[in-house]
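Letters are used for the chains, namely A, B, C and D, taken in the order the chains are written, and counting of residues starts over at 1 for each.
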Amino acid sequence: MLRFVLRRCALVLPSLLGLLVVTFLLIHAVPSDPAVAMAGDAATPEQIAHLRQQYGLDRPMWEQFGLYLGKVASFDFGESAFSHRPVALDIVQRLPATLELTFASLLLSVLIGVPLGVVAALKHNSWPDYALRIFSVLGVAVAAFWFAIMLQFLFSMTLGWLPLRGDLSATMSRPPVVTGFLLLDSLIAGRWDAFGDAVRHLFLPAVTLALGGLATIVRFTRSGVLDTLQHDFVLYERAVGYSRSRLVWIYVLRNSLTATVTQIGLLFGGLIAGGVVVEAIFDWPGIGSYTVQAILTGDRQVMLAVTLLVGAVYAMVNILVDVVHGLLDPRLMGRA
Amino acid sequence: MRPIFARLARDVPAMLGLGIVVFVLLLAVLGPWIAPYPGDASASHLLRRLKPPSLDYPFGTDNLGRDIFSRVILGARGALQIALAVVVASMLIGVPLGLLAGYRSGWLSETIMRITDVVLAIPQLVLALALAQLLSPSLESAMLALSLTYWPFFTRIVYAETRRLSGSLFVDALRGVGAGTSRIVFLHILPNALSPVIVRATIGLGFTILVAAVLGFLGMGATPPAPDWGLAIAESRTYLPKAWWYAAFPGVAILITVMGFNLLGDGLRDLVDPRIRRSR
Amino acid sequence: MIPLLKIDGLKVSIRTDDGMAQVLDDIGLTLERGRILGVVGESGCGKSTLIRAVMGILPKAAAVEGGHIWFDGENLLVFSEAELNTRIRSSGIGFIPQDPLQALNPVFKVGTQLLETMRRHAPDDGSRGRDRQRRHVARLVDLLRRMQVPDPETALERYPHQFSGGQRQRLLIAAALACSPTLLIADEPTTALDVTTQHQILLLLRELVGEFGLSLLFVTHDFGVVAELCDDLCVIYAGQTVEAGTVQAVLQAPSHPYTRALLACHPDRATSFVGIPGLVPSPLARPAGCQFADRCGEALPRCRTSSPLPVKTRSGANVRCVQYA
Amino acid sequence: MTKAVRQGGPLLGRRKMGGLAAGALVAGAFPAATSTFAQAADASTFVSGFALPMNLDPHQVYDVPMQSMMLNAYDNLYRYEGDPPEIVPWLAESHTVSDDGLSWEFKLRPNLKFHDDSPLTADDVVYSFRRMLALALAPAGAFLKILKPENVTAPEPLLVRFKLETSYAPFLAAIPSICIVNPRAIKPNEKNGDWGKTWLASNGAGSGAYRIVPEGYRPLEYLDMEINEGHFKGWSDNAKPVKKIAYRPTKETSTRILALLNGTLDCTDPNLPADQVEQINASKIAFVQKDIVMRTFVVRMNNTKPPFDNLNARLCFAHAFNYMGFINDILGGYATRDPYPMPENLWGVPKDAKGYDYDLKKAKEYMAKAMAEGAPMKRPLEIHVQSENEQSVQGAQLFQSELAQIGINLKVVGNIWSNLTTAAAKPETTPDMWVHWVSTYFVDPENWVGQMYDSQFHGTWKASSYYKNPEVDVLLRKARGLVKQEERAPLYEQAIRKIMADSPDIWIYNSMQLQGFNKRVKGRRFCTVGQGAELRWITLAG
């Protein structure tokens, strides 16, 4: 098992290097001169030239790449051209918020999506199935931002149950940063008030983000269960009198989750990017709004770092997916 | 073909999807003749800004006094154009690469598939946004960006199918009777690999409309005064929550169209080949 | 004494994309206590549907249109799903499936799966909780040892793919016996096995019937197996019982032309390898009259008009053929 | 046409319509809802919707969001106060300037203290200016050419002396843009001679009325500040100041409005769209504050590209913009028509000069003249807008539809600020036309006409019309070298008259700032520099 994981990790490195080269080339083909934007509104041409020299922007591209690679190897992602803060610091501060949101929404979509997918499969080709399929496709097709605003209306304005924006109330003091994950840090500090407040703030963005993932999970669980139900062992298990619920929710479901787990892996990458809109609407202090900001200002260091980061997360999650596949299906472990 | 269609006809969601797709296609073709104010594609009328839905303007008017109903109808053509252009372009890149990588083996195949993997790992939205910025934000650059990030999906599917088929008996038999490579690939493998490609493309059409709308939302897609749905939503944000109709109707148009393509694609997927359930 | 299992006039149809399929059309059979009944027929004649009807696991699209399934004097067809589960499955009727590789859930340990059945269906011996589970494990280990499964103590901790085909079939037989049923139904349990293993399994089954005082309903397409194992025989064709009687009687003097044709095909007996010409009629379009008429070498004009009913022949068998009417 | 309506009808699911309708109803009804999260109960925390700067170092960033942050966390030698803005002594008590305008001396108040209680003296001022010059980032723009680091000195503990390279009139006007920072807080955090750049980007080292709480800072997301009881100004003029300022910038307009209406925010950012005013004023909880600021809206023309190199062509375009339609109908009247290349409320504007009005007939006449002179008026033209800024898009769209009426083909191209400023660095890459605002970086004509129309600034975005008139260059340079306002004003008036005659750009309006406030906010004072972001006078009622 350990050897399997290590081998997969080793295979990831060349991919990440390839990703780095491709993004580096792409981003450096962007015509906008970072030095101009970096210097700010009131800058003089001399200031701009000075910056260009300071950041090595006047050197040939391969030389810039070499320098960058050397730094990346030591986890130094340079400095944002605009905030002048170390990109690594910004990412370390923001990634936990996005991960928290991503996990919460994945949890929601799995907790809701898997049962719905199973029900759709059991009611295959009948009205409940149709309704669930249409509903889940609606989830993909609805514009997240519009849905988010509707949630804000209902839960924050009319009912007043949940907060409108942000990750913590303005009047609530933040627990000391230990892990960077607000929920965990609240628990570590024993701050139940902050924990409750943070959970309430997490709710609406997580629901919005869960919507797209929900549809995918329903869809793949449904087809996974349909596939499993074709197998002889289901018939056997019925014949020897397994209870219906245990048959479906334990014995069939575990066989059906392979495709779903693959999808969860793919979703994870998508959620980080898809979080952009949700993070903007709910002012969630995560990596999504950071990325958009970087793109709008042409902040190359940040764009590179985020691309690498998302690529790395994508790769890690896919390794995790393989591991989970192994846990779900012992036959795969035998082969690995 | 006939029994497939008969089975599709019994799949209620898929038929709903087909109905929607046909309806949107009709709107796209006939839009300028159906829309009550076809001139509102570009004209502005300051005196009737942001009017709520009424008999004259069933969906209300926008920030420049244009009839949203007309613009929603006129937007169908653009939405389909983007979607088709992106999907066709991705297929033109992805399918030949997949055939090549799948039929040949050795370094060429390896290289193609490794590049495909790398491109797949690039966060799509980030690349699309970066490219949109690279070429200055416009519909064309958004389309290019989307195509550049979408082709690997086709390459993967075609690669897998080609691998499977080129190992199959009938291709061996063809080789045995001395059929040329291009003949085998184009006359025998490609048609067989086509059905998963079509399914992927159908879903891709819906997906592209949605991503194009997200790009529009971030100011990287269509440019004014195009009656683009995503752009309308982006423009409407300044007027929310009061002018709810401004965002709602273009939003519903996107919702229905994307839903149509997805339902149809899902139905086809269920029909054509159970195996591709596993390949996303 | 009433027979342990008696089926009469069983009719089952299944709704398909292309219309209603009359899969079972007047099946009748009787299994006396302590005996082994072989049910023989070609593929597609309705054997699987028959078993699923007895176990109460017919597909959703299927409907029972007539007949009875008497098990120990009670009609199983009127049982609810819950009653079937609590009173019949495993505890009353043990089931040995056709393909041991496909029948075990690949992602769960063998022990987990076998104990799942016992937890619900093993006879109540007064023990509870951990204690009950421990007794179940002990019984399974005993059974596995009896079935000659190697390393019975660790077998429960292994996954299905870690066993060979024959071993898996032994596991499943042990599973079928675990809850002390009075009837075993075996669905071609040896087809997936090689000849030697097949023989061993048959011997084992034969022994077990005597040892545990069981009755066995054995479904197969192979007369050779029937001859080796069974006491009684029931031949079905196109959803109907065409001939039934003791193995001895039927094999010595097969009455129905179909039985004769089948026997002629059997490699042990056939003088030359000839199949029965023609195809089983589609269940979607059952012809009028005798179902076998189209393929029957002895068919008469009236065979195509009137449906024969089963009659008793001199040898003591029941035959559905106009020749005997 | 009703047929088409009916066709569209069934597509919208009943529930969807219901949801929308509910949304609309709610939009009217929610001010009544008192939310658990409307934190009106806490009268000591002011939740501000002002945007945050890219980072917290006032020597690295200088823009409108930075002003709103630094006016509260830092102090300056002089500061703009009041409306209209007036430059007043702040950390300095007074200043003197030599007759040649080269030597400036500022006398500091005694007993000034930083947040760490260490004394603020002339040495710290010297350190601050040298740091600003060494970093050479945005705030240094006004100083780099005229001030060398070694020429900022502290001859006495409370006296700072500046020796300028050349006489530069706007020097005093630019003094409020430089914050005095605490070297004792910064120096321990310096790395490789970076002047503590990385550290100060996320921390505070000032003396202002409020103190930055570093744990409460996440770039562009949130920032907490707490009151500095020992601020040199004292708190005698505000009996109940807010104890804590919580910056919670809100990115989406809709969230911003909702947050104001349910009490989550005490104020929005100062760029509220005009269409939102009515709704907010109708609520029980909030209102919109209107203030005239100095922020002009300009459509630039690239004077080097035909047809814009032709005066008649430029005059044609100047007459084709529907100024009042844009201001009254789209901006709801919340702006002032400003025909000058400068805010009309600033000194140096020739009040008698007449600007251009919307008149398509005249535009056509000029177009004919221009075409007679060979200007390619019919070629497809492009106007670039900032996509993320709805108002610039609307202005361009309006212009496009007017020009279409006289047969000119204008294409609206969405773009973003960083690309536009890069493109504006060369005349070849500068778009035909583009749209932007010019905010108050310092209150001086130099901020507008000086930097926009003196040809020495070609290559910067402010001078991106590439206008060159030697007479104007002479006037503007002369005015820049003089110190006295009464001597400079006539020069600017003269220059502006010439510029207006050449019509290099289309000047549209001077902004009115719209900012939403919770009704519990009392005591606000406004100044156009910083857009009223200084919060030391604020009290929260209830």
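The rule we apply is simple: a residue touches a chain if its C-beta (ideal position, glycine included) is under 8 Å from a C-beta of that chain, and two chains touch if they have at least 3 such contacts.
These numbers were taken from a predicted model, which means no experiment stands behind them.
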Inset, instruction - Average the C-alpha coordinates of each chain, average all protein C-alpha coordinates together, and give the chain whose average is closest to the overall one. - result: A
Inset, instruction - Tell me which of A-B and A-C has more C-beta pairs in contact. - result: A-B
Inset, instruction - Would you kindly tell me how far, in whole Å, the mean C-alpha position of chain D lies from that of chain C? - result: 87
Inset, instruction - Calculate how many whole Å lie between the centre of chain A and the centre of chain B, each centre taken as the average of the chain's C-alpha atoms. - result: 23
Legend entry - Between chain A and chain C, centroid-to-centroid distance (C-alpha), Å: 53
Inset, instruction - Could you list the positions in chain B whose residues touch two or more of the other chains? - result: 133, 237, 240-241, 248, 255-256
Inset, instruction - Please set out, as single numbers or ranges, the residues of chain D touching at least two other chains. - result: 23, 27, 252, 254, 258, 388, 416, 419
Inset, instruction - Show which residues of chain D lie in contact with chain B when the two form their complex. - result: 1, 4-5, 8, 11-12, 16, 20, 23-24, 27, 252-254, 257-258, 273, 275-276, 278-279, 322, 325, 329-330, 385, 387-388, 390, 393-394, 396-398, 400-401, 404, 412-416, 419
Inset, instruction - In the complex, go through chain A and note every residue touching chain B. - result: 14-16, 18-19, 22-23, 26-27, 29-32, 125, 130, 133-134, 137-138, 140-143, 145-146, 149, 153, 219-220, 223-224, 227, 258-259, 262-263, 266, 269-270, 272-274, 276-277, 291-292, 295, 298, 303, 306-307, 310-311, 314-315
Inset, instruction - Spell out the part of chain C that touches chain A in their complex, as residue ranges. - result: 52, 55, 57, 81, 84-85, 88-91, 94-95, 97-99, 102-108, 113, 116-117, 120-121, 159, 161-162, 175-176
Inset, instruction - Quick one: which bits of chain A touch chain C in the complex? Just the residue numbers, please. - result: 231-233, 235-244, 246, 251, 254-255, 328-331, 334
Inset, instruction - Flag every residue of chain A that touches chain D in the complex, lowest number first. - result: 31-34, 36-37, 39-47, 50-51, 79, 82-86, 89-90, 93-94, 145, 149-150, 152-154, 156-166, 169-171, 173-174, 176-177, 280-283, 285, 289-290, 293, 296-298
